[in-house]
Every structure is written in structure tokens, then in C-alpha cells.
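Next, two complexes with chain A in common: one pairs it with chain B, the other with chain C.
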Partner chain A sequence: MATQHSRSAARLMMTPAVVLLLGWMLVPLILTLYFSFKKYLPLRGDSLERGLDWVGFENYVRFISSSSFWPSVQTTLIIVGGVLLITVVLGIFLALLLDQPFWGQGVVRILVIAPFFVMPTVSALVWKNMFMDPINGILAHLWRFFGAEPISWLSDASLQSLILIVSWQWLPFATLILLTAVQSLDSEQLEAAEMDGASPVARFGFIVLPHLSRAITIVILIQTIFLLSIFAEIFVTTGGAFGTRTLTYLIFQRVIDSQNIGLGSAGGVYAIILANIVAIFLMRIVGKNLDR
Partner chain B sequence: MARATTTRRKIITTVAAWSIGLLIFFPILWTILTSFKTEAQAINDPPLFFFFDWTLENYAVVQERSDYMRFLWNSVILAGGSTLLGILVAIPAAWSMAFVPSKRTKDILLWMLSTKMLPAVGVLYPISLLFVQFNLLDTHIGLIVVLMLINLPIIVWMLYTYFKEIPGEILEAARMDGATLKEEILYILTPMAIPGIASTVLLNFILAWNEAFWTLNLTAAKAAPLTAFIASYSSPEGLFFAKLSAASTMAIAPILILGWFSQKQLVRGLTFGAVK
Partner chain C sequence: MGQITLNQITKSFGDVQVIPPLDLRIEDGEFVVFVGPSGCGKSTLLRLIAGLEDVSSGKITIDGKEATEVPPAKRGLAMVFQSYALYPHMSVRKNIAFPLRMAGLDKAAQKEKVEAAAKVLNLTDYLDRRPGQLSGGQRQRVAIGRAIVREPAAFLFDEPLSNLDAALRVNMRLEISELHQTLKTTMIYVTHDQVEAMTMADKIVVLQAGVIEQVGSPLELYHTPRNKFVAGFIGSPKMNFFMGSFAAEFGAATIGVRPEHLTVSQDGGKWAGKVGVSEHLGSDTFLYVDMDGVDEPITVRSSGEVGFRHGDTVHLTPDPDKIHRFDNQGLRMA
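Right after this comes the complex of A and B.
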């Protein structure tokens, strides 16, 4: 159907997008790779004009062997894992609940989705001050009401608090996608199973969950990619203190606070590799879907 | 009998769903309520819900103190500019991939998606460096381009999935009748594609509005959008909950309203068409 003429026109129309994205990918990537093999401390007089010393893999080795590296990996895994667990489990529950008939479905749906539209700096600040403040926060009021000693959330339970904030932001995303998947479930199949005497648990385990598995995988993969790079939530709450320094935040501090560009760039390369491992799995699923 | 149980079940579901919905929405509701209180009322124990002296004072103070309008304007320019630019670049690309697919179309689409996976922090320094070199720090145009580039894969993907749904027979019929490529795009495709384009614009406007890595790291004062406006409240200063709430409400209100319109498109846009 497509003629030679329309093919070349098509190629031409794709060019701007492809060239822009290629530049956006390659230029910073090459620069980051370049810096990662150099000693580059602008505050100690290193500058691009005078040339940088080649240090081989020293930055890579130092980044990994620094005492803050493994704790930061651990923190990252705990936050990503915790948020995934909460959002997926509660998301499935909420999706199944919202799929039932009840009065005011449209309004409740809007209430549930709303947190996704709140900008990260706002949600972090609102939670930090109005909810988690150990003196005036709502949670402190609540704790005192029950006669308990209020908790200094962001210093004494910093990781749990961050997981709570980030889960609140991402639960709507998981719910929405799982709800879409639940709605495509064949209700006749469920009814047939019910007639045959399958218990609700059996129906959930053998029909609903397998049907949702694809959507769950996608939620997990997409969220992982975004969660690996959460920044604003940490930036405005703890600033990386109290054991909340993730890999992303550690790299940010190396580059911006300590101005060690070489070391930070080596960290950046690690982050890129980590993200790509997750990305490969996501691409497989999305790619398969394209063929259909 | 059967009807009675379904009604009872519906009541239980209604109560459960509304309780959970309100619980999830509560932080936003609380922020909006607090923004109308005085600072003393804001920290009252027990918390005050609806029975307090409603005041607009906080909004006036926030506007005066940090010039809300300027940040709002910057947010509009950055989100709007980057979305518009992205759409202009993406429409031709998505059009050609949807209607003149080649063997490499799938690979190109997946590759575009993969650029979205690049962790921002990994390229923070190079981008800052380029911004300094080209005098782009704290300018609108620099951030518009960056925000456009980070959302371009999503824009192309969304448009592609929408364009894919336009039946190819209509185009063939038009070609038979002698429509040129230009006419085909202008008079047939565009009207059919407008709903999809509108959804794409909406979602990307929201994503650009809420972007909080590059906007915090590449702006200082002139081009700083609302994300930075809010971050300036991160160091506590005496009683400030009511003012923080007013500032927060102003920052999220426009996007909450837009977001409610776009909830359906959200799934398509964020799963790259993998969940329908």
C-alpha cells in the first residue's frame, strides 16, 4: 500500500523526533562516561580548560567501596520494595472494591486518583509538616488522643515515613491500572465458577489474580523505574539524613554538594545500568504487545 | 431475596468505598481546609474541621511574600511550552509510524521508550554543564526543551496508540479520490485525531507541571515554577501551616481540576498502551 514516495516522506517526518531523542540520550551519556574516568573536582582547581587527569576505573572502585554505597543501595531497595508491596496489594484490593456497584462511583474514583496529581514537593511538605510534625501534626494529635507518646516520624521512623508518603502518591496509579484490567475481566467466567461452587478465595486465586498478572507486572516495572529515581520527596523531607539516602540521592550529593564530578558520574553510570536492567523486562512486555 | 442481598451488599460496598476514598483524599482535603484557618487554628488540638472562622488572609500573605503569580506563570509557560513543542515534533513521527509502518517501527518505538528510562541523576552534571555553556540556566527555553525531551517518548507513544485506531481504509479511500498527502493529513486525519491529541496534551501538561527534578536543579529565581515555589517552604519558620496550606492549595488546584478530566487517558499514557 505504501509507495516509495510515502515511505521517504514518513522517514522525513520521523527524523526530528529521532534526532532529538538520540541527542538527548547520547550527549549526556557520553559526557557522563567521559567524566566517570576522570578526576574532576572543580573546587580543588580542576577545570575542563586545563584538561582532566585520566584515572581509569578509580572512580568506579571508590564509589562502590565508599562506606555510604551499600547502605544507599539497601535504602533504595527497602523504599522501592516497600512502596511496591503496599501499592500493589492495596491497589488490587481497591480495584476489586471500586469495580463493585455502589453509589457515587465516579466521585470515589476521583477521590482515590487525586493524590497522583499532587506535585511531589507539595505532598512531601504537607506530609512532613501537617501530618508528621511531632508536636503539631495530625498524627501527633491522634497519638496523644489515645494517650501515646507522639513519634518523631521523619527522624525515628524515617524510612517507614518516606514509604508512606511515596505509597500515597503511587497508590492511585496502581489502582487505576489494575481497575482497568479488572474491568476487562469476563464476568460470565466468574459466575460460572460461582455456580460450580468455587469459594471467593478460589475465584480470586484461580481467575482474578491470573487475569491481573500482566497488569501487575506492568505496574511493578513502571513504578520501579520511577521509584528508583525519587528525588523531591527526600529533598524536602530529610535531605538524605536519618538513613534515607538512596542511590539517586547519594549521586546527587556527590555531584552537587561535594562537587566530585568524576565520582558522581561513576555513580550515575551504575544508576543507568541498574535502570536498564529493569527496563529490559518492561520493554519485553511492551514489545510483545505491539505485535498484537 | 436475591434483590435484598444485593442491596445490602451495595450499601456495604458504598460505605467501604467512600471511607477508603475519603481516607486517601484526606491529606488534600485537610490542606485545603487548613488554608482557610488562622495559624493558631491550624495547629489546634483537637483539630478543627469545618467550624472555624474561615479566612482568606493566608492567600494574600503567600501572594505578597513569594509572588505566587510569577511562579504560576512560569509553570504555565514551562508545562505549556514543552507540551506544545513536544506535540509538534511527535505528531509527524507518530503519524508516519502508525500509517507507514516499516520493519524498524517497533524497534524505534521501543528505543524511544528506553530513553525515558535514563535516570535523570545519571546525567545531571552533563546537562548542568551544557546549560552553563549555553547560558540556559534559569531560562524558560532551556527547561522547555528539557521537559519536552523527557516527555517526548510518552507523547509519541500516546499519539501512536491513538493513530493506530484510525481505520486505514478511510485513508485509502481518500487517496483513491486523489487526495494529496497534505490534504489527507489536514482534512481527514486531523479531525479524527483531535480527541487523542487533546488527551495527550492534557496528560503531558500534568506530567510537565509536576516534574520536580530538573525544575528544582536547573532554575533559581527567574524561571522557577511552582515546584520550586513550594520547595522554598521546606525550612520551618514559626507557625506556618496555614500559609503552607494556602501555597500548596494554589500549586495543586489547577492540576487537580485538569487531572480529573484526564483520568481515563492516564492509563493509556502511562502504560504505553500495554493495558487497555
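Right after this comes the complex of A and C.
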């Protein structure tokens, strides 16, 4: 009885949250699906009041047959993959480093987390204007100091620069999660391995890395979700030029620049499909670490 | 071979000296138990021998060779940790094979040694499980297996049985003793439980605050404790201490009488007291007797059933040959 009562009470109290969440997700999703089957060009006078023409899969066909589609998918995957690689590798390294006792540990830890609190737009602008500017940027000065020709980062090495900026933002997140995992490693295991004759490298490979696998999985899954939709960094740096047009950015251009809401919505549906493919793929290779 | 000598070793953590200068010689093939209350530095001493901690000063020699600066893996010692420290993501087989793999042994030799060890430890059926799927006793055996395959000069155990339940603890105690009989390898065993120390050791080292209070065979410690601390620590139930006029009569500052060396009767005897709690174990009865002029209740061990009730007046008589006399420094008097 008591459990029945508390269960229905719990359901009742969860309802607002569930309804809100569902609404939050379902309304945009359904609208996107709806628009993707319609011809909706506001500048040509289409509007919801007058009713939209049903065009079937025309938007889908047009979006995918556009010459920018596959390059944008490729760009998205390169950026996501590059950032994941950099943040996980450097994150493990930093986590191990921060776990060592040293003077000023507390302050350093806060400094390491700091980039995470900077808004994406701001950090991208800082990188663009203060670091990567080919005339006034610090990197340009550095290059000139060593007698080299400054690089116009955002046009000549645009994709790499973008990966660098986004990695800088996400490194704290990876480091933080990995640091807590490193700290939860039983030191007796490391000592046992040391007595068993394992070198520091072997201890890392056989003990530390397997222990971190679950945390690495979580970092990869969460970051992928957010990285698939990065936008501000591209908007304020290259504006999608120089081969940095991701799928998200392409959709943005279709909707805002070309004022074609139907076409953009179809792109949105493709983005959902891509995200799910990536997610299933990731779950396959790393997700088995989670059910232990 | 496994002969270990500690020469004037000390250990400090920051300003705190946990081990004051200490000398100890452990013979080849001996089963040595370090025993003492929690926090007295037993683990630290063991870790110094293992090389997991560096000594602050002094010298460690293993089989006649200076080992003070030798890294842990090269000392030829194997350690069994209190938490077992098994590698959770590896199967039992891989756990046991790990030291061999690190030593670069070929696959066939690894397999042979692992299976031999598994047979000795009754682990053959569990070789492909993960540590998480084993019981406490089995994990303990895997940890021992991982130590055995290295064929070390000496085994180091740090409170290996403290995570097991009482029945299992007795079993594992026997198994470890049996293992020592078979392998005849030096074993150093740390525990805070004097029963483990008494039952397993060839030689007991009693520690208090990093200082060795006494070294000797279990019976030496039982019969001739060097001071009050050892007298109170070794033996179960604990020795009773009498001070003041009780002790003055024997020309000592304190006298100690073990519970099994007191006879109790209702008719008359040396000291009178009132029976408090009695614990009936069947084979023995422990009586707690309150005496005027003694702070703590006196424990008496009588064999068989004794029919005293709470509040009865009884008389206690010590066995005159079994009275331990201590001077005002707490040291044993001849």
C-alpha cells in the first residue's frame, strides 16, 4: 500500500518535469519534421497563416544532392574526431599531472578549469583576434620573433585552428572527469604492479588506462553530443568559409541566408540521423565499458 | 634464500618519526609476525622492507646484499596487500600471470606456472573469472597466487585476513601456515591480532609506536614477557594487573597474573571479590570479578562449567609460579 501510494505520488510530482522535457523536445522535433515536407520561403510570401504547400521529399532530395552536403558531413566528423582525440589524450596527461602533489595545486586546478567558463563566442573571438590574427596576434609576433612568416591561421589552416579553439574549450571538461577517475584508483594496485615488476609505462598501460576506460567513455559520449552542434566558434571566426562549414552551419545558411526553412528543416532531420549513427557507432566501440 | 637484516633503519613522515632506529634480523625460512596495536608502524615497517617507502636512514640487507636503494621489483620480495590489490579488469589467470608477463616469460612457461599455482590454491575452476566475481577468500588466494608464481625470496603479508569473516579467517590462517610448511620460504606477516601471531609465527616481533618491545617465539613471549606492554598484549583473555599493596607483597610495582593462572573458590583464598558477568563458552568459563582496590574487573578463566551467579562473593588464588613481576618502569623483574 505504502509503496503504491508513494509511487503514484512520485509520478504526480515528476509530471511537470516530464511534460516540460517532452514539450521541449517534441515540439521542435515535430515542427522540424513538419516544415521539412513543406515549401516554406518567407521572402517569397509563404507563411503559416496562408498555409504551406506540401512538397513531399523534395527538400530532402535537394539538401542531400547539394554539392556542399557531403563536404559538410566530412568537416563535422573531422572536427568532432579531432577535438575528441586532443581532449582525451591531453586530458589524461593533465589529469595525471594534476594528481601529483605540488605547490599551488588548488590554484592550478582552478586555472585549468577556467576555459570552460568562457562563453564559446568570447573564447573564439579571443583566439581569432588576440592569438591568430596574422598581423597583431601573439602567434604572429612569435613567428616573426623567430624570423618566420606569420601564418593566417583561420584561412590557411582553418580546420586545424577551429579544432584547436574548440579543444581549448573542452579540455577542462575532459581533464576534470578524468582527474576524478585517476583519484579513485586504488594506490595499492599501482604498488602491487610496481612490486610485480611493471615499469611506469606498463603500469600506465595495464592499470591506469583500463581504470580510466569508463571515464573516457563518458567524456567521449558527452563531448560528441555537444561537438556535433558547435556553431558559435565557426560563426565568429571563419563564417563557414575555408572548408569549415559543418552540417549545423550548412543548415543555418539554408535557413537564414537562403531563407529556405523547409530545406533547412530537412537538413535538421539529416543532422538527427547523423547524430544517431555516430552515437550507435560510439556505443558499439566504447559503450561496452559502461555495463560493468 | 630469504635472509633479511634491518640495520638502524628509521622512517619519518615530515617531522613525525614513525620508526625510531630499529634493528632486526630475519632468518631464511622463518615465519615472522609483526604484531602491535593499530597505527604502531607495522605496515610502514613492511613497506620499508618491500621498498615501497624509502628509509630515512639506515640499511636494509637481503641475503647479504645491500638492498636499501634497490627498487621494489628488484628485491625479489612478493607482497600480499590488505585490500588484495587485484587488477579488476583482468581475469584470475591474467592476474596471477602478471608478474611473469612483466618478467618477459614466454606464454607456455607462464601458463604452466599459473596452472601449478592455481592447483596449489584450489583456483583451477576460477581461472577465467574476474576478481569481482570471486568471494573474499578466493580473492585472497588469487593475491597469494600472484605472489607465489614469482618464487620470491620472501613473502610479505599486510593484514591479509582482516577483511574475511571469522570462520574463513581460521581457514586461511591454516592455509597460509600450510603453505609456509610446503614452500619453506621466509614469510613476514603483519597483524594486529595476537591470536594470529601466536598461532602462525616462528618468531613474533611486538611493536609499539615504532619501537620493538620484544622479539621471541610465541611461548617465550607468553611465559617471559619483557615488559608490561608485551604481557598485556600477548595472551587471550588479557593478563590481569595488580598494583599497590597487592604488588608490594611480592616486592614489585605491578604484578601480572594471566586469567588461566587464577583459581576461584567460594570457600576461601588469597583475594576476595564479587562476580560480575560470566561468559560461558562450554569448554571454558570467563568470570569477571570486581575487587576492591583494583580498577578493572579481574578476568578468570576456569575450565568447564562454573556455577557462580552475578553478585556472589568469591576468592581468587594465583598460581605462585606464574606471577609476573614488573618494576616501576614496567620492566620485568627477574
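Please note the rule applied: the second predicted complex is superposed on the first by the 270 of 292 C-alpha atoms of A that agree within 3 Å, B and C clash if a C-alpha of one lies under 4 Å from a C-alpha of the other, contacts with A are read in each partner's own complex, and residues count from 1 in each chain.
Following the convention adopted for this analysis, contacts are C-beta pairs under 8 Å (C-beta built on N, C-alpha and C of every residue); 3 or more make two chains touch, one makes a residue touch a chain.
None of the values given here were measured: they were computed from a predicted structure.
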For A:G264, decide between first (touching chain B), second (touching chain C), both and neither.
first
For the overlaid complexes, name the partner, chain B or chain C, with more touching residues on chain A.
B
Which holds for A:F69: it touches chain B only (first), chain C only (second), both, or neither?
neither
For A:A198, select first, second, both or neither according to whether it touches chain B, chain C, the two together, or no partner.
second
Who does A:S6 touch here: chain B (first), chain C (second), both, or neither?
first
Looking at the overlay, does A:Q189 come into contact with chain B only (first), chain C only (second), both, or neither?
second
After the superposition on A, what does A:F242 contact: first (chain B), second (chain C), both or neither?
neither
Considering only touches as defined above, state whether A:F206 meets chain B (first), chain C (second), both or neither.
second
Considering only the contact definition stated at the top, list the common interface residues of chain A for chain B and chain C.
none
Which residues of chain A touch chain B in their complex?
1-2, 6-7, 9-11, 13-14, 16-18, 20-21, 24-25, 27-29, 31-32, 35, 94, 97-98, 100-105, 107-123, 125-131, 136, 138, 141, 144-145, 168, 171-173, 176-177, 180-181, 184, 214-215, 218, 222, 225, 228-229, 231-232, 235-236, 248, 251-252, 255-256, 261, 264-265, 268-269, 271-272, 274-276, 278-279, 282-283, 285-287, 289-291
Please name which positions on chain C make contact with chain A in the complex.
50-52, 71-73, 77-79, 81-83, 85-90, 98-99, 102-103, 146, 150
Would you mind writing out the residues of chain A in touch with chain C in their complex?
186, 188-189, 191-199, 202, 206-207, 210-211, 213
Can you name the residues of chain B that touch chain A in the complex?
9-10, 13-14, 16-18, 20-22, 24-25, 27-28, 30-31, 34, 43, 45-47, 89-90, 92-93, 95-97, 99-100, 102, 106, 108-110, 112-127, 129-130, 149, 152-153, 156, 168, 172, 181, 206, 209-210, 212-213, 216-217, 226-228, 230-231, 233-234, 236, 240-241, 244-245, 248, 251-252, 255-256, 258-260, 263, 266-267, 270-276
